[in-house]
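Report on the following structure.
Note that the chains are named A, B, C, D and E in the order they appear, and that numbering of residues resets to 1 at the start of each chain.
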Amino acid sequence: MLLGKVAGTLVASRKEASLSGLKFLVLKQLDLEGNETGGYRVAADAVGAGIGEVVLYATGSAARQTEMTHERPCDGVIMAIVDLIEVDGAVTYDKSEVS
Amino acid sequence: MLLGKVAGTLVASRKEASLSGLKFLVLKQLDLEGNETGGYRVAADAVGAGIGEVVLYATGSAARQTEMTHERPCDGVIMAIVDLIEVDGAVTYDKSEVS
Amino acid sequence: MLLGKVAGTLVASRKEASLSGLKFLVLKQLDLEGNETGGYRVAADAVGAGIGEVVLYATGSAARQTEMTHERPCDGVIMAIVDLIEVDGAVTYDKSEVS
Amino acid sequence: MLLGKVAGTLVASRKEASLSGLKFLVLKQLDLEGNETGGYRVAADAVGAGIGEVVLYATGSAARQTEMTHERPCDGVIMAIVDLIEVDGAVTYDKSEVS
Amino acid sequence: MLLGKVAGTLVASRKEASLSGLKFLVLKQLDLEGNETGGYRVAADAVGAGIGEVVLYATGSAARQTEMTHERPCDGVIMAIVDLIEVDGAVTYDKSEVS
């Protein structure tokens, strides 16, 4: 899994039938220091993530292992909202301090 | 999923038998600002996308989760045509204004 | 899928039992302008491609969705021989003019 | 598989239901000389790895082939703790000497 | 598949239960000219490869399509030992001349 920040939304009215009802969010990829790497992903949202939240997302076939995305043509899913990251003994992200 | 612009078509008369009838489109990859990244993908079209349209495409095993591509040797599929992208509170792509 | 040019062959007498009979070809990756990118892939040949031909290849689990490669430890397959590529309204590759 | 060093932990209270109970560790990717490459992964821990340990991790669908991660939306798993690496005839990592 | 040279071994006593008995080899990735690219992979050995040999390895779910790796958390497998590579009409690797 990699870290991303929910940066936006994407609307697509014409799509593969099985995708209807799925919410797509735009993620900016983050490195371990919380900086944007320049990369992005559009991912289905399985956890009700909001704009600005730091999330964990899975890609590949793992992205279909949620009720919402099962057997759908989806290769990225937000599967967790991050509360706290601790790296090398220091807290590098604490959601309660950000919001 | 990543964003792409439909840039062209590809014809292949000799191909794996199960692929007959599948339409292949050439996609130029886009970044979040809508600029071409220099990368590309050839993808099966599951939604009837047209040249110039901005689309969402999935890769890997997800690309076989459409009726059209089920159990076929296909690792990329266009699964949605994008109407609107909003990033950091601003609309960065609006199909109705482009066309 | 990505574009490749069949650049050579590879012989391997000692291999996983299920691979016997599979033909491996060496592909040089191509960009949309038909230039070599410097990357390569060794892929199983599902279509009878010849040296110098421009082909479409699939990677990952898609590479096992052919009769030849089904349930074999193979992560790349040539699934189509390209006849024509048209990008941005211009023909960028036409097999009939090359050969 | 690639080599990583367990650098930290990640807490996520809101996550896909099937993930509850899974422990996520933050891995810094290592090259063959044991240097950090700058890349990272968040992976599920299937072996009880501790901070500072050098581990082997698998990505993609392989990450779901453990009891802990079976059919869960998880694309990275620590599946072994490394004791010894020998490259080009020299021991490049020996856990017993580090700890 | 990509080309690699078997550069070493890796010992891991604590690992996911299903992995016991699997031999892990350290591969240095090779380009088509036989030069090391700087990349590496740790892969399960399905063919009895020896140090210094040039091999073909598969990644992703393909790595589980051998008897040895079936349903194990393994994302890389050596599935063939290379005898001969011919690129652009010239032999670029011939095992019988190296050893």
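Basically, a contact is a pair of C-beta atoms (placed from the backbone, for glycine too) under 8 Å apart; a residue touches a chain by one contact, two chains touch by 3 or more.
What you are looking at is a predicted structure, and each value in this text was computed from that prediction instead of being measured.
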item	value
Interface residue overlap between copies chain B and chain C, same or different (over half shared)	different
Distance from chain E to chain D - Cα centre to Cα centre, in angstrom	21
Rounded Å distance, chain A centre to chain C centre (Cα mean)	33
Multi-partner residues of chain D (each touching 2 or more other chains)	59-61, 63-64
Going round from chain C, first to chain E: chain order	C, E, D, A, B
Residue ranges of chain E touching chain C (in the complex, touch as defined)	1-3, 31-32, 46-48, 56, 58-66, 69, 77, 79-89, 92
In the complex with chain E, residue positions of chain C that touch it	7-16, 18-19, 24, 26, 28, 40-43, 59-61, 63-64, 71-76
